[in-house]
Structures are given as C-alpha cells and as structure tokens.
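Below: one structure, written as structure tokens.
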C-alpha cells in the first residue's frame, strides 16, 4: 500500500517536474545560443514570462474556426505532457509507464501531431495548410526512423518498456556498441526534426517559405498559443529525457529507490539536461537551416542509420 | 408402335401439314402444338424404354438428349410464335417463306431426333445431313444478300464435313465387317460398341479422324467453325436458338458415340489429345473473336463455339468427373444459349437492329427483358449460382488434376471469353439507353423457364438425372 | 449456431427476393430486417466463440454437387470472421435505412444488398470446395450488381468490368488450386483435403494459386488494381461492405486454405506473405495519400490495411514453422485483431464518405471543406474514425499495429537469416505506412471537414438522417471500446489462436483476471505492455487538469475575428491549401518514383491573358506492368484473329484440309 | 484363283480412278476438267458394277447406274451448259502451280499409304491397297477444292471426293445403305449445282468465282436487319 503510494507520488512528481523544467530548458538553450552568437540573449526565465503573458491575453479566434481548433491545444498539451511524464527522468519507478511502452509513446506523439496538423488546416488559410502538410511529410519519415531506433534497442534488450530498457542498460555491461551509436545519431536526428529545430525548421522565424511548425500554429493566440508553446517545450523535454534514459541512464533511481536515490536522480537529470542544452545550442549555431525538400534526405539518412543499427546488431551478436 | 416411332412421326407429320397450311397464326400454333406433343411423347421414353432394333435404340445417353432436344424445340416454337407474328407484322416474312419456315422447323426437329435415336450409324449420317440441308434453307429464309451468303458458306463447308463423316462411317463398317459380318448389323452402334475390342485398331483410328473432322465441322470446332457465326447471325432467331442449343449437340453426340467405340478397343488411339487440342483451339479462338464483334447474334454464335470447345475439352480430359461435366455442360449450354437467343430475338425486334451500337441500357427501358438477358449472360459466363458454374468447376478441377498443363490455356480461354461477354453485357444492359425504346409484344416465358431450370440445376440436380449422367460418363471412358 | 447462421443466410436471400418484388417502398423495412439478421448472426458467432468454440458443428444439405452434397461447418475461425462481417453488415444495413433513398437507383440496390450479405456469410460456413467457390463467386456477382447500381455514372461500367474479370480470375486460381488439392477423384470436401494435403511441387503451385486467388480479392499489390475502381463505384454502404467485410472474407479464404487445409506450410510462404503485405501497405497508402476522391482514397487505404493484416499472418506462419508458439499466437492475434479493426473503421469511414456525398453531392476533396460546421455529429464521428485508421492511441487501430510491431520485434529470434534482416525492413515499411496513414487522414479529414467550404454545395450541406448517424456512432463507439479493452476481442479469438498457433495468446495462457483485461502484455508482463484504457484515463485526466489549470491561471476572454494569415487574409476559399497542394510535399518525396507523379505547370508569359494551368499526372505501376500488357495483348490478338471472320470459303476449306491432314499425320506418327 | 482375279480387276479399276484424280489436278482448262471428271465417274461406275457382279450384290448396280447417269453424263453436261451460257473463263485460276499441286497429290498418296500401313492385311474387308487408293482420292478431291479458284472446279473437286467415298463403299463386302448414301449425295450435288444457277440469276455475276459472292463476310456490312 505504501509502495503504491510512493509510486503514485513519484509519478505525480515526474509530471510536475517535466512541466516545470520544460520552459527552463528552452530558456537555457536560447540563452546559450545567443551567447555563442555574441548576443546578450533573453533571460533564462523568459519562457515562463512569455507563457504567463500569453495566458493573460485575450484569445483571438478566427471567425470560422471550429471547436476542434479550440480543443486541440488542450489535447495536444495533455498528450505531450503525458508522454514526457512517462519517460523516466529521475526514477524508473513509474506506475503509468506500464500502460505505454516506447511504441505507444511514439503513438501519443503522433496523436498530438495529428491534432496539431488538423488545427493547422481548420481556419482555412494557406499558411496553416503549408505547415500541416510539411509537418506530416516530415513525420512520415521521422516516425519510421524513430521506430527503427526502437527496434534496435528492443532487439537487443527484448523489451519496449523504457524503464526496463533503462534498468537493463544500468545493470548490464552493455559496452560501446556500433549499433547503439548509430541508433543514438538516428534518434538525435529524429528529435531535431520532430521538435522543429535547426536545420529542419527554425523556431525563431516567420518567413513563409521556411516555416513548418510556426506556420501551423500561426492562427493561435492567447491561452491557446501558450498551450501550444508549452507543448512544444514539452516535446523537446521528452526527447531529451528519452535520449538520456535510454543511452545514459546513470543516476536513475531504480525500483527499490530511497529518498536519497531520488535526490541523486533529480540532480543527475538536471545535469543531463544542461549537457543536452549545451549540445543542442552548439549544434544549432554551427549549422544552417536547410531547404524543406532537403529534409526528406536528412531524415532518410536517419532512417538508414536506424536500419544499419539493426543490421550491425546482428553482426556484433553473431561475432 | 413404340414411343420412338411416335417422337419421329409427330414432327414429320407436322412438317407435312405445315407445308400445306397457308395461315401463319394457325401454323405457328400448330407448330407449337406439334413441338409440345413431341416433348411429351419424348418424356414417355423415360418410363418405357424400347428394346434396341437394328435402326433405333434408346439408352441413358440419348434419352436425355432426346428430352432436351424436344424440350428446347418446344420452347423455341413458343418463342417462334411471337417472333414470327412480329416478323409478319413488319413485313419481313411472307406467305411461302412462312409456310416453308414452319414446315422446315418440324422437319429439323425430326432429323435431329432421328439422328439421336438412330442405332444405325448410316442412318445417323443421313439424319445429320438432312438436318444440315434443312438449316441451310432456314438460314437463307430472309433472302437477303447476307443470308444467302451465310447459307452458301454453311452449305459448302457442311457438305465437305458431311462427306468426310461418311468416309469415316464407311471405315467403321470396314473395321466391323470382319468381326460382325456383312450387312446391316455391322452398322448398328450397339453391336459396334459391344464388339469393338476385336476391331482393327488402325482402321478405327483412321475412321475416328474423319468422323471428328466431319462431325466436328457441324459441332463448330475450330478451325472448322467458319460457317457457324454467319449462319447464326443471318437466320431467324428461333433457328439460331435451335442451331446453337441443339444441332451442335447432336453433332457432338455423334462424335461421342464413335469415341465410345474407340474407348472399347485397347489398341486404338485415345481420342483425348485430339479432342483436347481442338477444344482448346475453339475456346481460345472464339474467346478472342468475341472482342471485335459488332453483331449481337454473331457474338453469341462465337460464344457457342467457345462452349462447344469447353465440352469437347471436357470429354477429351475424360474420366468420370470430366465426362460428367461435359454432359452437364451440354445440357445447360443448350438451355442457356437458347434462352439468350430468345432474349436476343426480342432485343433485335425491339431495337430494329442486331448491332451492339444500337442497343443499350436495356435494364432501364425493358426491365424484364434486360434482366433476363443479364441472367442469361451471367449464366453463360459461368457465374454461380447458375448451373454452368458447376460444370465449369468440374471441368477445370478435373483438368487440373489430370492434365495440369492444359488447365492454363483452358482458364485463359475462359477468362478471355468472360471479359468479352462482360464488356458487351455492360453495354447492352446497363448505362444510358440507346436505340428504340418501343415495346414488342412477346412472351418471355420460354426464356425465364430455361433460366429457372439452369438456376435450379446449379444448386440442385435430381438424383435420377445424376445417375444417368454418371452411367453415361462411365460409358464414355477415359 | 451453424443452423442459426444458415437460417440467417436463407432469410437474407428471402429478403433479396422481397427486395426485388416489393422494391423501393419496402426498402427501409428490408434494410432493417437485414440489420436484425446480421445482428443475430453476430450474436450467434459470439455465442459460438465463447461457449462452443472447440466443438465445430457440421451439416450436410442435399444441394450442390450431387454425389458430394453441400457441406457446411462452423469452427472458431469461421465464427470469428462471421462476427467481423456481421458487425460491418449490421452497421451497413442500419446506415442504409437512411442512406438507401439517396442512391441513384435504389431499386437496383435493395434486392442485391441482402443477397451480398448472405453470400459472404455462406463463404464462411462452406466446408467443401464447391460450396466455397459457389458462395465466393456469388459474393462477387452480387457485389458486381451493386457496383452496377450506379450504372449511369461515367467510368462505372469500366470499374465493374475490371472488377468482375479480376474476381473471375481469382476464382479461377482458386479453382485450379482446389483441383490440385482435391486430386483426380474429386475429393472436394475440406475434411478430405485436410487429411491429404498436397505435397511437393503440387503444394507449391497450389499455394501460389491460393495466394493469387485470395490476394486478388483482398486487394494485395500487385493484384489490387480493380479495388480502387470498384469499391468507390458502389453506393457507400456497399463500399463499406466491400472494403470492410468482403476483403475480410478474402482473408478468411487465405487463412482457411493456408493455415487449415494446406497442412504444415514452409516458412517461405510466411516470408512471401510478409513481403507482399509490407509492399501492399506502403503502395496502398502512397496512392491514398495523393488521391483526391474521398472514396477512392478509402479504397486505397483498404489495400494498405489488408497488407498489414496479411503481413501479420505471414509472421504467424513464420513463427509457427519455427516452433515458436507464443510468438505465432501473438502474430496471429495481431492479424485477426487488425481484421476486426479494419472492418470497423473502414466501414465507418465509408459511411462518412456516404454522408458527405449525401449532404454535398461531392466526394472530390477539392470541392469540400468546412463540413464540421454543417455536419457536427458526422464530423465528430469521422474524427474518431480517422484517428483510429491513422493508428493513434488509444483507439483500436493502434492496438493491432502495436501487436504487429511486437511480433516484428521478436523476429531476431528466428533462425533464418533472410527473416532476421527482412522482417525488420518490413517493420520499417509498416512504420512508414502508419506514418503515411496519419498524413493521409489528416489530409482527408482536414480537406473535407475543416477549413472553409470550397463549393456552394459544401457550404449548404445539412446533417444526415438519424439512422446514418446511429450507424456511424455505433462503429465509432466500437473503435473506442475495442481500443481501450483489447483483451475482450482477444479472449473471443482465443480458441482459434490456440487451434492454429498451438498455444494460447500469452496473456490468456493461464486464465484471465480483471486486471489482465486492462493491460495488454503479449509476450511477458513487464517487458512490453500497453493499456489503452489507462492511456485514455490518463489523457482525459491530464486534459481536464490542463483545462482546469488554464482556466484558473488564464483569462477566459475570447474574441472572434478575421483570420490572421500573416496579415494577408483573403476572403476567397480558393486561397486555402487544397488537397493537391497538401499532398505536394509527400508527392515529391515518395510518389515521383513509385507512382510516377508529375506536376505540369503551364504559366503564361507576362501580358498573356490566358489562365495558368496546373495539371498532375500519376500512374499505377502495377497497372502498367501487369494489366496494361495483358489488355494490349488480348486486343492485339483479337485484332489479328479478327481477319479470320473475313476469309473466302476456299480459305476456310484450307483450314479444314489442314486440320484433317494434321490429324492424319498425328495418327500416322503416333503408331 | 477366281477370287484373285476379282480382286485384280477391282484393283485395276480403283487405280484408274486414282489416275483420273491426278488428271483432274493436271488440267488447266475447265472443259478438260469436266471431261476428266466424266471419265473418272465412268471408272467409278465400272468399279461399282464389277463389285456388284463379284459380290453378287445387285443393289450395287443401282449405284453404278447413278454414277454413270448422273456423274458421268448429267452433271458434266449441265456444268458445260452453265459455262457456255455464262461465258465463264475457260482457263482455271490456280492457287498453287499445277506442278506444285501434283506434288502435293503425291504427298497425299504417300500419307495415305503410311496411314494404311498399320492396318492388318487380313483383318479388313477391303485390301490395304484399295483403302489407300480410296483415301488418296478423297484427299486429292479436297486438295482440288482448295487449290482451284473457279466454282466449277470446286464442285468437280467435291464430286471427285465423293467418288472416293463410293469407291470405298462399294469395295467393302456387304456394305448396306450404299445406294441410299449415293442418292443422298446426289441430292447434295444437285443442290450445289442448283445453287450456282440460282445465284447467277439473282446476282448476274460475271464469273462464278466464289470471291464475288463473299463481299459481305460478316461484320463488315452496313446495318441491316433480317
């Protein structure tokens, strides 16, 4: 009974943690990028202020927008929040994670994207359509690539449950493996594409020809925009946490974790996030945005790397 | 008098009277009456089967064909009554031709029945020749340039065929004479069949080739088929129905009788491969010829060639299953094809044309006629639940089990024909109506009666019929 | 239960006759009766599966082939498929009560609709080759007539033509296969075939023919070409049955022959199924994603889904031949599950297409738009359907794809190297098709229901009749219900999984507790698991929490204004993104090679007053590679042969003479 | 001995019928064809009469009579009349050169012998030679029908084919119905000759070459209705 209560507590803690940390992560990345470009940059806490400001603003909704347009931000936000909360950040002891394995998480993300794309075309403007159609094209490549990574991991560990994967990597001497490295690169590429970062998309632009995500949410304002933005931040959070828990799970509090383990876990997670933010910032400032139709090639490489990862697994297994 | 005599005398007598009768309505009525009477007399054969004589005999095989022939002749005569009335009203046929038509109709029935019940193979030959000459006259009935040309073609090709069949018949006698002895006995099929084991195999083989080519011309097997499409297209439609439904069967019956004789001789060649190749050729050729046809009657004439090919193929495969299928297909094809010709007759009278270009959307303008036509074509295409599906099912599976390499061309041929049938069906029965939409008073009963029988046969075959088929299938051998 | 099913079949046939006799005035009554009949059949199937699944019932009726009689039998396999098609059938009949009156010519639909249902049910209970093929072909025949009910529309005659010819070819393949299986003595009973399955080369030919015959009916690439022509051509409730139920009957045929009658099948056949399935899935959805006709799009999506199911069946064979029972059970469950799911969601989507067509007279996506405002109920139900067919959790489509992925993930334990490498590739293709399906249905839903109306008719659409809405609502409910409680159908199909995989589906191996019903853990608990129910609860809870939170933190003010559109709002609906433009990125990435998609832009010079034109061309490579050559070949041959009609008598005599001489020479040489 | 003589005479007559078949192939002029045919028919009549005598089958005299009267006299004369009346070209249009046709004829004889070879010598009522000859005559008749374009020569070819049949029929011991068959055949021939007359009167063809009759040939024609 107490164990159950602890587990529920941990799950709720996780929910809160990811929600609270997500804007911070975005703020850190922005600040770091600005610094690397020798600008001063906004304060690290600026995303929180932005969100708060948006929440206070009146929502302006296009005249012909349907209920779907207004419902989508809530659902999207909820789906991404849930997805992020199902990935172990500081502990693997998450009761809800049994309900959704890695494939189901991909499904949850797909649901969010589905709603977002529908919302994009709901108002009936050309920008919404551009964004939605490009987003779906990107996703059509990113999703298989992601699943190939899932395959690689699952083929090796015989599980698609993230806590189980993390525990396995923690407690077994996995060592350095070619296929894991390939899988990691592939996953990072997918993450970059899915979260709409450079070189696939530029979160800071409103230039018609290059927009993907921003074009899709162009009609949103006020609290709806706040939710959409928060959801996007959660998406980055999700991928960071995923990469962290699968490839560098060290520090995670295990099943029989005590309170100090949890503390270590949280600290380790913060450290990993910071490292991730630095890497992301370096990556983004050192590369140029690519044309939309180059994205398919970019993701094609990701898919190929995923496949290669699977094949290398056999090679190293049979060797 | 034996029932055999009755079924021959009634149509012969009818032919005589009708030749003299000048009133077309009465003549049509009398024609129908005589045909109906023949049918009922033929039914008597099922209960009272006479002993074979030197000239006539009745066994399981021909009794069902006699019943079938007299039945289709009977329904076709009902159809003919309405058809002829319209032809008279529109002035296409007049006095003498009409008298001739009705008389020849009965005479044709007579010759076909004679060919079926003849025990003497010489008599059978005479009957088939007479049937040919009769139909030649019928085909040229309209006296148009085209009909005369068709009749002439039919006549010349038919005559050569007949001559070759006679040579085959002589050769059979030649083979039988040393065993059975001189005279009429050596031409009786019952004797020939009983003692064929001791005949000279070489002569039998030679005879069969001539008989196959000779009677095969009448069956319409490729490449001997050339007369058939034109003869069907140019004659009066009731005659097309009888030609396709009956005369082809009669000729095939003759071939099969000789096949049975050969089957009894261990040294003789197996006719299977010859029949298989001719059957396949007919099937493929007719299937391809269907595509470019613009005349609806010629179209279905080619379909008859196709089905004769299937039947020949089935008998060529041999064995109880395939033989059964062939017999069943013979019967069902007769019924279905004549039903289709009944429909086609109506259609051409309604539209005033036989060209596909003038016919369209029948199910909209003439629902009863149109749907009847659909059912007929669906049946002839071999779709269930109509009966031809059953026979084609048996042919194909039997072929696959016994001669797998031949199943491929068989199925290809069936598919080619199927696609063509369907293409025309869509044009004729569906889509926007084309051509005249006038109504023609005519009875659809014969067509629906045939289709109903075909439908029932597809789901349920009565046990006695099956027993007959099976015993005949056993007789026909491998 | 067999007698119940047969009684339903007879009743449906009688309804068909009633439909022909009484015609349109009785249409609603006939549809209602058909719905009841199908419901009874579905209940009977459930009862059989739950209570008597291990005791097949058989019956012999004195019809059909005389010496054989007609054999009927129901076992768990037949019962499962009977459940699937009768669920679709019931919904379709209910839908038709309101929809039937909108058909072009209702009198051409009413008689054949119940007959079509009867034929499909009859295929499932047939227990000899003859009865099976009669029912099979009868099914094609009745659906062909239904396709022809819209016979005056341009192109439908061609669709019907291609359809029935392909159906007949498929039947011919099965006929040949049965010929091999039955042997020269005509042992057509399934029991005899089961006892003496074909061996060696004969078995290989028979199985290839089976795959071709059933695959063409199911719509597998490359024998799918008829499907996107024929399914959309029929009235929508019939399209729903054709796509949702008839393709399932085809899959039933495949399973019956491959799993039951053919004896132990080598793993190569499983690999072939996996390959064909994966190919169908990708090609099908690629066609769908660029298609602008709503119903054709759905038909292509059927090709995709059939591919997925067949792929899962292939995996089941592969695992079974390698004696990996648990995994075979998993793959088999996934396949059967997908069969059920697709029947539900594809029927739903075709109903939606029907509703859209009824209310707007359009099914071209370029002419629709904004229907969510005019058809609120339909739009909501359509959203559920679209989401489930796009395989999104927590709906049902996701469950079967998830199970299939789980089966794919276990492929490395297979001993064959081809499969070790091949199955993950097939898995990648499956993932690709799932992602494309999402894109496809975002596009379909977005263009039809969202945005601004692109035509006057779309702007003036009105909500459809209650029965149509109820039918859609019922299926949408099933989408959710099956999605969150997948163990319920899994338990229903358990006997059949046990029969063909040898062992139980893992979660059902040692009984079921209430908790098991919540959690789907196909291999080992704790390794991979998914619970639609928990996900749904969690999503709802989190959403409610977000709404509550936002409403506490934020202002609730809301203002309606003109769309922002980056400051360039244009009132004309023509400035919206169209279906073609939405598909353009996908077309460029995938379809330029696979479908030979080409954009042609004709842009006039400045000063030239003529309008600019954009045309789009696409080709079906399967059509170009397989159908067109056959069509051309037959036409060419027919053209050549046609000269035979126009020869002189002398030439015909030459034929006769040649035939005679050839036969004589044959006889001379034969000695 | 007597039996041997019977066979020898029958044999000689059969061979001469075959020779006239070749003569028919050899002719290049219609009149020559008709004369050759008349002679062939005469030989057939003689063969039939000889068989009637040697088999003591009086009904075969009827066959011989029919052959003599109809085929050796009436039909050739009638055909000559037609030719005169219509002014038909006297030369024969051939499809294959005469030499080629003769060669083909020899080939057919060879085929016939090959075919008859497996037949046991003593089992058949007819000798192998007679059978081979009859077979050759039938085949050559057919060959003549297909290698000559004129209607008259085609009719003659058909009748020469029939001569082969009669020869075979009368040669077999005790063949019944021979008379009936030859009558039936005569009806057939009469029909053909009548038909030729009939069409000429209706259509006024310049020649009886069948090609002119076949302008319609199926689907090419205009719309018409029976």
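Think of it as A, B, C and D in the order they're written, each chain with its own count starting at 1.
Throughout what follows, contacts are C-beta pairs under 8 Å (C-beta built on N, C-alpha and C of every residue); 3 or more make two chains touch, one makes a residue touch a chain.
Fair warning: this is a prediction, and the values are worked out from it, not measured in the lab.
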(request) Select, from B-C and B-D, the pair of chains that is joined by more C-beta pairs in contact. (result) B-C
(request) Go ahead and note the Å separation of the Cα centroids belonging to chain A and chain D. (result) 98
(request) Provide the C-alpha centroid distance between chain A and chain B, rounded to the nearest whole angstrom. (result) 78
(message) From the mean C-alpha coordinate of chain B to that of chain C, what's the distance rounded to whole Å?
(response) 44
(message) Taking the mean of the C-alpha atoms as each chain's centre, how many Å separate chain B from chain D?
(response) 31
(request) Identify all positions of chain A at which a residue touches two or more other chains, and write them in rising order. (result) none
(request) Spell out, as numbers or ranges, the residues of chain B touching 2 or more other chains. (result) 152-153, 156, 160, 164, 202, 206, 229, 292
(message) Residues touching two or more other chains, restricted to chain D: which are they?
(response) 115, 118, 142, 145, 154, 214, 217-219
(request) Spell out all pairs of chains that touch, sorted by label. (result) A-C, B-C, B-D, C-D
(request) Note which residues of chain B are touching chain C in the complex, please. (result) 152-153, 156-157, 160-161, 164, 202, 205-206, 209-210, 212-213, 217, 223-224, 226-227, 229, 269, 274, 278, 285, 288-292, 319, 321, 363, 378, 381-385, 389-390, 393-394, 396-402, 404, 407, 411, 414-416, 418-419, 422-423, 426-427, 430-432, 458-461, 463, 466, 470
(request) Please name which positions on chain C make contact with chain A in the complex. (result) 369-370, 372-373, 379, 383, 387, 390-393, 398, 402, 405-406, 408-410, 412, 420-421, 424-425, 427-429, 431-432, 434-436, 438-439, 441-443, 445-447, 450-452, 519, 526-531, 534-535, 538-539, 542-543, 545-547, 550, 553-555, 557-566, 569, 573, 575-578, 581-586, 588-589
(message) Taking the touch rule as given, give the residues of chain D at its contact with chain B in the complex, in rising order.
(response) 115-116, 118-120, 123-126, 131, 134-135, 138, 142, 145, 154, 158, 161-162, 164-165, 168-169, 172-177, 180-181, 184-185, 187-188, 191-192, 195, 199, 202-203, 213-219, 221, 223-226
(request) Over in the complex, which chain D residues touch chain C? Could you list them? (result) 95, 108, 111, 114-115, 118, 139, 142-143, 145-146, 149, 154, 210-211, 214, 217-220
(message) Please output the residues of chain A touching chain C within their complex, sorted ascending.
(response) 15, 52, 55-64, 66-68, 74-75, 77-79, 81-82, 96, 98-101, 103-104, 107-108, 110-111, 113-114, 117-118, 120-130, 132-134, 136-137, 139-144, 146-148, 151, 154-155, 158-161, 164, 206, 208, 218-219, 221-223, 226-227, 292-293, 296, 303, 306-307, 310-311, 313-314
